[in-house]
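One chain, subunit A, appears in both complexes that follow, with subunit B as partner in the first and subunit C in the second.
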Partner chain A sequence: MRRNQAFTRRWRGLAVPFAAIVLWALVARLDLVNSALLVSPAKVLDTGRELLSSGVLWLNLRASLARELTGFVIGTGSGLVLGGLLGLWPRFNRIVGPSFNTFKQISLFAWIPLISVWFGLGDVAKVVFLSLAALVPVVVNTADGMRSTPATLLEVARVYGYTRAKTIWHVVLPSAAPAIFTGVYLALVYSWLATIGAEYLLVSGRGVGNLLIEGSEHFRMDLVLFGMVAIGLVGWLMNASARTLERALARRLGR
Partner chain B sequence: MASTLSYRVAAPAASGRQRLQGMARGAEPFLLPIALFALWAVGAAQGWISAQVLPSPQFVWETLSDLATSGDLWLHAQASLQRVLVGFVVGSALGLLLGAAMGLSKTAEDYLLPTFNALVQIPVLGWLPFVLLLVGIGEPLKYILIAKAALVPVTLGTLQGFRQTPATLLEVGNVYGYSRRQQVLEIVVPTAMPTLFTALRLGFTKAWLSLVVVELVASSEGLGYLIVYGRQLFQLDLVMAAVIVVGALGYAIDRLLDWAEARVAARHGARPTPKGLL
Partner chain C sequence: MTSTVTTDDLHIHVASKRFDSSQSTDGSLQVLQDMDLQLPPGEFVSIVGASGCGKSTLLRLVLGLDTAYDGAITLGGEAISGPGLDRGIVFQDHRLFPWLTVEQNIGVGLRNASFNAQQKRHLIAEHVALVGLEGFEKSFPHQISGGMAQRVAIARGLVNRPRVLLLDEPFGALDALTRARLQAELQRIWQKERITMLLVTHDVEEAVFLGDRVVVMQPHPGRIRRIVPVNLPHPRNRSDPEFIRVRDDVLADFLAPDRRGPSDVPPTAQPSAAIGFSSERIRFAW
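Take a look at the complex of A and B:
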């Protein structure tokens, strides 16, 4: 009886999307809505298959992902350094902290026009933007994590006569590890979101966002819909893999 | 028989050196901004950077005051604020309904949550071309996208709030023979209030962020539009002035929500809520 319940609940989740797709296909087949935008689900699938087989999707996806990864690595790297400094050096935190907090308040996208003037419209500007998008969560979480080392642990380190370096390596870092990981995970998510946005605003070159924009400019709803699905899937994949990684790490660190 | 009078010992007067240190500490947050500002002013004055790449501070200030006095600033700010308010209200209302429905009924959650989670995977910007094709480039586009941005955190937060009713309170309700309706109205909803408010606050922040993005991509008035317009005409002073206004407004709203959240928490009993990243 219990197993039946869980089974039923799983299937319920599919009810709404299934009904929606059926409704959509019906409307398209029966030509109920007079609009050039109405494409049938079959058409979307066809377009998708075409994009996949012709390699266009992969080309654009690869370009987007490459940029995102570059920005992510640069942003996370510098973020870890900056966050570490802010977390471990109180004076630095007092001088730089407030300015950084003010900076992160302003929506990152608002900087794009300025970035585009200083760095052009190409890949460099996009990577700069993505690095910033990744930097912010890493800095905030790293600094936070390092500052929140439980006092008890620090006292134990002092009792054992640990040098500052040893304290940091053996006490502060492991205790800050979950927070740092959260920061890195958020950086991945934010840099993916920023990638799409950057492609809208710095229109040049290839990318998944460019696919979407093209689709909307040429009124190709099938392109737009398929692009949306692709973006959603990539985002979901990132979320899922980050979660799995987090669980594995938590197990290893014995939490 | 020592008396047990407690003595109030006055704090020793701060020595001159301590006072100096205190003042130095107070000044520290401003060191970096002042240094950067000085660098900016000098750089612009000396012509190290062309005015097209980075206009002088005075220029930006003049543009800002011009905008304010000519009423243009208010015009655009009002357009932006109106959009974010409408979008936020619509999105939150829907979010509250959806979250409440899913929170109170497992059946509803079974049917709706998976689809909701899937749709959430697509960011607001991902929805833009789709909605653009459906409703064109006018106001509804902005309202819909901003509503979507607010909907997500509000729904999830409401769902969580309705789920987290302490079991002890529910048991008390059972003991008193509460009907389902009484249980919901008098136990579930009040205990969910702080979480709900935090969710609403997060929703507003997201709404504000999406406002800026959407205005950058597709609008003909508003603060984001000012930024793009200035950029296209290479009037960087306008761009920077608009960015400053966006930042200031966002900050002011954030402070306001902070204050409001503290009031709600004080009234309904603070519950530890994760101050996640926005």
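Take a look at the complex of A and C:
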């Protein structure tokens, strides 16, 4: 009885996807829907295998990931600096803060026309867009995290003669670490989202998004569906590694 | 033990301490007035008073966190102008850094001290043993109880071997059993180290249990009402009749400021033994 329960608990999450695929296969096989756009799961798998073996998938994925990584690093790096300044330097926050708070209200995708005019449609424009996507959550969370250092702990640092620099390094940063990590994690998520979006809107070059666009333009739903699976897998991988990192960080910081 | 070249007397003289207040008529609230207190080295002085009488403010002045007052506080002849490692403090909340272990938290007190790494390790180990937390050096604050965390805070306050240890209602946030236990612990530590200690509390029994002298404060503005010497041997016994007499004497200042308490009645005048106190003699102030 117990083994049955454990088995059920582990695999019950797959019930819905399994049923969906079976249904899909049946519909395709039995020609229940009269549409040229319907492809069977088998076809999607075949296309996928072809893309993998020909190297086309990897070529496009690599292009997307490279852009995402570049944008993520630039956006997170500058976000940490800007967020740090806003969080630690009240005067800077008073002067620059209002401008940034207004700036961050502009919906990310609204920047596309301006970016395409300034930077064209190529890789540079896409990386600028991605950096923007990564920047905002990092700045907001970093500044908030640093400003929320408990005053009681800052007082302890004062009592024991910590200089301002030591206080920032030994008290403010460890205290703000969870918030900073949240910001970086969000930056990763948003920049991956923005990567696909950028490939739709700044259409030039390679990328998984471009695979999808190409697929839909040529009515190749197998390409589209496989592309979606690939994108989903990459997103899941990022999520999983970020969560592992977060757990390791939390343990190291004693929570 | 601390080696003293100059005398380590703590002289507290606060003529006046005011805070800005939008609610008072002249824009400021006087929280302390004419506080004069002298602590010879190694003495344990308790300050007892109701909430809001300015006793925590006084500690902050001695600690050097606040320097805006009329008066002078000197330690060993030198004026106090800011925080320093010669004065330690234990706050009511333990204020341990959640991301550091017990021994790292104690080490926080040593970060700016002029010992080398080996001496620091030795000092930390010594103070972990002093507060009875051997075996928990690598634990994090969220893994230990409130009483244990407060013991770490005491170790952190003492690790520098300060000349004075200030304690701001250190056991107020703990349950009664832990409080009693830690009071005994603090007494043991004080007897061993003989560091000057200045304890602020609202618990009269705690004040009498621990202090050589009890400073009774009254509020609005905070002033010294009187200083009661406690000439009892250490370790103190809470059931000792003399202890109870002193305690009730101090308590009377809070229960009925213009009346005396039951234990002040001479034995012959009491009609019955045990707990009886006739109602017309006692009038509670609240």
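As a working rule, the second predicted complex is superposed on the first by the 250 of 255 C-alpha atoms of A that agree within 3 Å, B and C clash if a C-alpha of one lies under 4 Å from a C-alpha of the other, contacts with A are read in each partner's own complex, and residues count from 1 in each chain.
Here is the rule we use: a residue touches a chain if its C-beta (ideal position, glycine included) is under 8 Å from a C-beta of that chain, and two chains touch if they have at least 3 such contacts.
Predicted, not measured: the structure shown is a model, and the values here were computed from it.
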Which superposed partner A:G13 touches (first subunit B, second subunit C, both, neither): first
Partner contacting more residues of subunit A (subunit B vs subunit C): B
Which of subunit B and subunit C A:P98 touches, first, second, both or neither: first
Subunit B versus subunit C as contact partner of A:K166, first or second or both or neither: second
Shared subunit A surface residues [contacts with subunit B and with subunit C]: none
Complex interface listing, subunit B residues touching subunit A: 25, 28-29, 31-33, 36, 52-53, 107, 110-115, 118-119, 121-123, 125-130, 132-134, 208-209, 212-213, 216-217, 224, 227-228, 230-231, 234, 236, 239-240, 242-243, 246-247, 250-251, 254, 277
Residues of subunit C touching subunit A in the complex: 63, 65, 83-85, 89, 91, 93, 95, 97-101, 108-109, 111-112, 140-142
Complex contacts: residues of subunit A adjacent to subunit C: 152-153, 155-156, 158-162, 166, 170-171, 174-175, 177, 253-255
List of subunit A residues in touch with subunit B within their complex: 9, 12-17, 37, 91, 94-99, 102, 105-107, 109-114, 116-118, 137, 140-141, 182-183, 186, 193, 196-197, 200-201, 209, 212-213, 215-216, 219, 221, 224-225, 227-228, 231-233, 235-236, 239
